[in-house]
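Before anything else, here is the set of structures, which you'll find just below.
Shared between the two complexes below is subunit A, which pairs with subunit B and subunit C, respectively.
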Partner chain A sequence: MSELRSADDVLSVSNLSISYRRRARAMRVVSDVSFSIRRGEAYGLVGESGCGKSTIAMAVMAYLADNALIDGGSIRLLGDEVIGARAADLREWRASRVAMVYQDPGSSLNPTMRVGRQLAEVYRYHDHVSWDAANASALTMFERVQFADPRTILERYPHELSGGQQQRVMIAMALAANPALLILDEPTTGLDATVEAEILDLVEELLRDIGTAALFISHNLAIVSRLCDRVGVLYAGRLVEEGPASEVLHTPHHPYSIGLLNSIPHWGATKDHLRLLPIPGDPPALGQIPSGCAFASRCAIAEDACLAAPPPLAPCSGVHSLSACLRRDDAADLAAVVAKNEAADGPAPVATPVRIGREAVVEVTDVIKRFSAHGTTLTAVSDLSLTLHRGEILGLVGESGSGKTTLARTIAGLYRADGGVVRVGDATTRSRRERASFLQMVFQNPDTALNAKFRVARLLGRSVKRLNPGLSADERQAKVLDVARSVKLQESHLDLLPGALSGGLKQRVAIGRAFTGDPTVVVLDEPASALDVSVQATILNLLVDLQREHDLAYLFISHDLSVVRYLSDRIAVMYLGELVEIGPAESVMRPPHHPYTEVLLSANAAAIAAGRARIRLRGPSPSLANPPSGCRFHTRCPRSLGELCATVAPPMQVADAGHQYRCHIEPSALATLQSLRPDAAAARDAETTTDTDATTTRSTRGHS
Partner chain B sequence: MLTYLSKRLLLALVTLVLVSFIVFLASDVLPGDVGRTILGNFATQAQVHALDVKLGLDHPLLDRYWIWVSHFVRGNWGTSYTLQVPVFGLVMRHFLNSLILGAFALVLIVPISITFGVLAATHHDRPLDRVISVTGMSMLALPEFVTGIVVLVVFSIVVHWFPVSSSVPVFSLPSIVRNLFLPALPEMVLIFGYVSRMARAGTVEALNAGYTRTAVLKGLPRHRVMMRHVLRNSLLPTITVVAVQAGYLVGSLIVVETIFNYPGIGNLIYTAATNHDQPVLQAAVFLVALVYTLSNLAADLLYAVFNPRVRLAS
Partner chain C sequence: MSALELSSRSRLDSRRARARATFGQLLRSASFDVGAVIVVFWIVDAIFWHALVPQDPQALNPLAALQGPTAAHWFGTDWLGRDVFSRTLAGSTSVLEIAPLATLLGIAGGTVVGLVTGYYGGAVDALVMRLVDAFLAFPLVIIAVLVLSLLGTSEITVIVLIGVIFTPVVSRTVRSVVLVERDKEYVASARLRGEGDWYIMTAEILPNVTTPIIVESTVRLGYAIFTAATLSFLSLGIQQPSPDWGLTISLGRQYLQIAPWIVLFPAVALATLVVAVNLVADSIQQVMAQ
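And now, the complex of A and B:
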């Protein structure tokens, strides 16, 4: 890419190759990667876990692990070579030329040092000023990252700050010495949606004001498309596509990028008219990258030539993008990727049968759940009532601390309610075993949910035996095979330990285990959140198929509104332990809806990309130990009426058939208020408009 | 912090009450009759019985325990059966001697252990780390009675560098080294094992922590990264270990002091136990337990002082 390199480049990486040595074997993780970032430009590096994006970032910082080996290439920072640079130069360049914001702000801050001091250090040791001057600069910097009370934040230790505040400190620290390049490595992963939105707003604003170039690393395409000018897509350590953000994300020219985009539910999609398209197969294992195109084995349009040598990254005709696909210019071929992936995956989406109004399978009435620790009592779930009907998917959303997991665990019987009634099943569901075969739960992290010492066959077998006590050994064996088949595990997987399975396969085992007793209800607590997007699509499809096949009811918990909207028939929203809204999915998604739902929607990156207004939460998240009086949301509500909201608990308002929300503002008034925002008014239309402009590739599929 | 403090104090108090009871019980059930031990084989059974009554040994166990405790807390620790001197002064004198020996060992070995532990961590998985780690591990496996006898034989008997029997040093460096180095050596070997291992583990963890990466990538000088970011965090658990070891040290002196005939509290406990000198035994053992509990308490407090998470918890 020598034609891209210019004097104006802040960073230019060329032909970079990096391996990790493990047990005397070198495993290539980054192969022949070249890209450059111009002054003031925001460059997005996108890819799934293990694609080498963080390794590239660490190579730029010259902070690779001890067992990493740079096999070749060059990294130039403002014209100076980073690879092999003297330690003194590196020390000088770090912070002043390039600085980094990390994924986990909590562990990236020194727990035994006040954050103001940690920031002041940068000034002290880069500008060689006195501590007093450094502290003064730190205060100014904290003002720039928009702390409401920067002076008190200076004196805080990291553990006294929320995740969002910690990340603000990290950003302040990274920008302290005016770097020419800011590297952001998944800076909002792990933060709540509304906090993520605030942080991204801040980054966007700072980048614009300061003119710092940015390397933004993320697995989240929606976030990258919002912040970046150009995007590079990494697959198995190679850059497979690069171009202007809008082009790559809307008209991708590499089968992998196309697959990635079709794996995520775009804003407004629902399971009833659109099936997600996971990329078939698995990415190559570490150190086993094939000699040809690494994506060929998963590619619908691969041909013999693809296997010969890795295709070079070359310009596509008619657009600005570069693609490393031999068939980059054949539009018909690229469109075929979607169709072929579709054919390979499974049944087409079917229109919804009526799922609401059937008999209740879970009834929660006035449930209260408290936790006591260190003399204080938290009411994690207060006076919550809801009903789950046979065959429906109820999505449960809310941010951390909202009580959604506590509610799920209380329903599943893992916690005993401190008040109210949880009724699961019918009059015949009495014993623990009957309850267990009626209702099962799938957890977020299959690594900790599966016993690592048991083989898959035993994991499933134990559960079959426990939930189906009447079966003979042969019948049990047959049932295990049956369950494995239904979650698309191969027979060879049964003999493996969980450690030998990929994240997606592990979650399939966990789901399979939940299905061994033919349950009627399954509680799913973020079942796909820890997985890469293409694997997430497989799991979501599997869940949809199983639900249709067995007429199951799901309580589906997720922080990702796009996913919840895609999957759910109804959506329930929780805030600080209370149910603030519940109703049919599409009705909850449009005004009038609870102001908190409005904020959540406007924090969703996909929704923002679809033209939603940005409404942000005010103030800090209140403590569950001491919830606000009146309406619990009034301290942060963008629609607060003042006195009334602060003193009187709001009633449930009926917005629509089966759609209720807890607020003082009546539906007609709220609808008017929320429609005043021009783009929110278009929310109803947004579904159709985003469908057409989200990806043109997708539009070739139409709505079958 | 206040709740943390009061909780620890309460816990320490409960421990002490339990220990005092166990100590009392244990010395009470030692074989042999107290009166007979004191008066010797030629006394009549009536004389022995009269002495037992005089000493209050005919009262029920709980009553005697209560009497002992209530006297003990008022500083009235009784009179030694065999030496016929007040127990308080006797125990305290020996205790002070032990403290001198223990402090000598700690002051000498703790900085060395921490230095080597940190050195091993910064050379993680390289030859220097291997040497230090293996040495530390081997030292942990050496009990005091083995090292004690070996150093005694080698340094006092074979090469005559140190006296066979140590006494309390006068306040001069040659005297201190001459009298204390040898008996302190077995303890130092053990402490090195524990402390260097702890310092190494803590430092390895801190070196790999996200905050150290942040500090390095902020472009801080190496000494600043090491002192303020790595060691400030990595030595927290080590401080706790040192404080606990300090308490353990005083208790484990019995063997060493006996071998080197050093007039410390360990030696006193040994003599009192063989002579069935109940008041001395009870007081000395309880004092050791007290030191042990206090040093544990000190460990918790130090940890709280250096760890803002604990210090600032409401």
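And now, the complex of A and C:
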């Protein structure tokens, strides 16, 4: 794309190819990638894990690992070539031209230094000013990144800050040197949804105000298109589509981009009406990039010509996007073709009857779970009661520290409750083995949930043996094959160690293992969140199919509201160890609902895209060791009534049939408050709770 | 079922392939090659020294005592006129019997203790680990002197003693990795399907901690050789007239001024063995860490 390069380019990458050497083999991770970023432009690079997006960022910073090999191409930063530049020049450029914000702020900050000093050092080194001047600049910069109390933050050590605050410090440090290019590598990936939303607001505002060019790297197309002007989609190390953000998001012209968008449940979708459309198969393994179009093996409309050579990135007719697909101009029915093809692989969605009112399979009554270490005791779950009925999916939502995983593990029997009763099954479920065949669990991370030394056949076989006593060896063998087939594993997979499987296949093994004993209840602890988007949909579809087929009850834990809403019949919301809301999914999603649910909803990227008002949390998350008095949420609540909320624990209010929430505000009043939208709510919003640190933002917000 | 046959064959193949890959990587490391050649030399020597020695290592020849290296006696002779070259070759046997057996014992004991304490944690763990701390606070030599003077010296006692001394050290290493493994979800999943503790420890966790155990074994082997030699040197291990290196160094000390070769050659032999074992240990550790 050299013809597109102009003198105005801050960064221009052309024909970049990078390999990693491992055990004397070179594995290509980036192939022939070209793109450029103009002054003031925000460019988003989207792709799943292993697509090479971080490698490109590291190449721009000239921070590639020792075993990385640049096979060709050029990277020009403000016109100067980065590849092969002298170390002294690189150091100079890293100080003045380009800065990077990494995924994990915790490990990017020096734990032995106060953050104010770390930031001041940038000014000392970069502008050669006195400590006083540097400290003054640091304070200004902390105000700029919207710390409520920048002066106290200056004096803090990194471990005294929350993840969101640390990331603000990182952003401040990156901006301190006034770089021409700011690289953001998944800056919000490790953060909670509400914190993520705050950081994205901040980045959005800064990019607009400062006008620095930015390279924003993420796996989330929705986030990228919100913040960026142009977007490039990477697949297996190649740029497969590039264009204006809104075009790529709304009228994608590459089957992969279309597949990515179809994989995510759009806001409001439920399993009863819509089947997710996953991309079949898995991305090619690292270094095994086929000669033709890398996506051909997963593509619904691939032709023989696709296998010959990688299609070039070329303009599509009628739009500004470039697409590396030979059939790019079939875009109009591309989506339809893909959809048709995918829908064929599973049963059509059916509306299922109401499941509430059937017998309870799990009953949790006033359960308390405490952890103590070093003299302090945390109450991770306090006085929580809920019921799971036969055949229903109960979604459990909450941010990290809300106690949802603790609750799940307590229900599963991995933790012993310190108070209250967990009743699983009926009077016949007494022994450990009976309980094991009644309730199973699927964990978040299949890498650690599967014993790495066991082959798939043994992983499944052992579970079959334990959970189906009395089967003969042949019957067990048949059952293993049966289970493997039901989670869509091939027979050849049975012989592999988990290390040889992709993340999606591993999770299928884990799911299959949980289903070997034909359980009645399955606890799913974020079963899809460690997986790439395109694989996530396959897993969710599989879970829906299995649930329908076996009339199972799921306790489904997730931090992703779109997913929970898609899957659940009922939703329970936890905050700081307490159940704050529970009810039928649709009822919980609309007002009146708990103010915390309201905040969660407005932090959801999909919900934002669907035009929800943004309401942000105030203040940091309180410690579980010392929860706030009265209503636990009052310190951060956008609807707080003041004194009453701070002193008196709120009652459960009944909003609707089976829908309860814990708040002082009555349903009718809350419904009125929460229905003021979008304009009225937005105005309210700017006044009170837009950002964590309201005081400093108001001035900047005013003229934006 | 043909699919099953096929599968067991491919399983064997892949296991072999992996073992071959690891070994190939080891062979590419120069320090492993050097170490392995020396270790193999001493092992061959320990087994076949009868065929290798030019003279009987026990043959006395008072007339030829304390001679320097000559064509007849390449490494000279000792105070009784015995051939130092033959005795150096013959001296590897005792150390290469004691050290591997003691290591094996220490690794086995340490693995059991480490698995149990790491897995159960809590009070048992706290108690055992304090005992280990207390045990480790005693200098090794003092324990050895006490025990060996009480029980008398024999090869078996020395092996058991070194094994017992190594057990707490190994158990700490094993415990620390078990602590990490037992919190992984595959253990939770095993509990959820009702597996017993013993099964979880031996079938689930143990295969996942073999790498540190193998590394620890090679490191321990080096120490075991050293410790065995030290005990011989203190006359607490192998007794006369064995050509054992440690013992020879100890006895030959008095002649250091007039016949340094008596001490020099067994000392060099011992050093090469210890260094070689450590070279091998380091390379294994590096390859395993990848």
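In this section, the second predicted complex is superposed on the first by the 666 of 704 C-alpha atoms of A that agree within 3 Å, B and C clash if a C-alpha of one lies under 4 Å from a C-alpha of the other, contacts with A are read in each partner's own complex, and residues count from 1 in each chain.
Heads up, the rule we're going with is that a contact is a pair of C-beta atoms (placed from the backbone, for glycine too) under 8 Å apart; a residue touches a chain by one contact, two chains touch by 3 or more.
Note that the coordinates shown come from a computational prediction; the quantities given were computed from them, not determined experimentally.
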Joint occupancy of subunit A by subunit B and subunit C, clash or fit: fit
Touching partner for A:96 - first (subunit B), second (subunit C), both, neither: first
First, second, both or neither for A:282, with subunit B first and subunit C second: neither
Partner chain(s) touched by A:173 [first = subunit B, second = subunit C, both, neither]: first
Contacts of A:107 with subunit B and subunit C, given as first, second, both or neither: first
Contacts of A:491 with subunit B and subunit C, given as first, second, both or neither: second
Partner chain in contact with A:445 - subunit B first, subunit C second, else both or neither: second
Touched partner set for A:126, first subunit B, second subunit C, both or neither: first
Touching partner for A:23 - first (subunit B), second (subunit C), both, neither: second
Partner chain in contact with A:205 - subunit B first, subunit C second, else both or neither: neither
After fitting on chain A: smallest Cα gap, subunit B-subunit C, Å: 5
Touching both subunit C and subunit B, counted on subunit A across the two superposed complexes: none
Residues of subunit A that touch subunit C when the two form their complex: 23, 409, 412-414, 432-433, 435-436, 439-441, 443-445, 448-455, 457, 462-463, 466-467, 477, 491, 494-495, 510, 513, 517
Of all residues in subunit A, those that touch subunit B in their complex: 61, 63, 90-96, 99-100, 102, 104, 107-113, 121-122, 125-126, 157, 159-160, 170, 173, 177, 374-375
Subunit A-touching residues of subunit C, taken from the complex the two chains share: 1, 3-4, 7, 10-11, 14, 21, 25, 184-186, 188-189, 191-195, 204, 207-208
Sites on subunit B touched by subunit A in the complex: 3, 209-211, 213-221, 224, 228-229, 232-233, 236, 306-309, 312
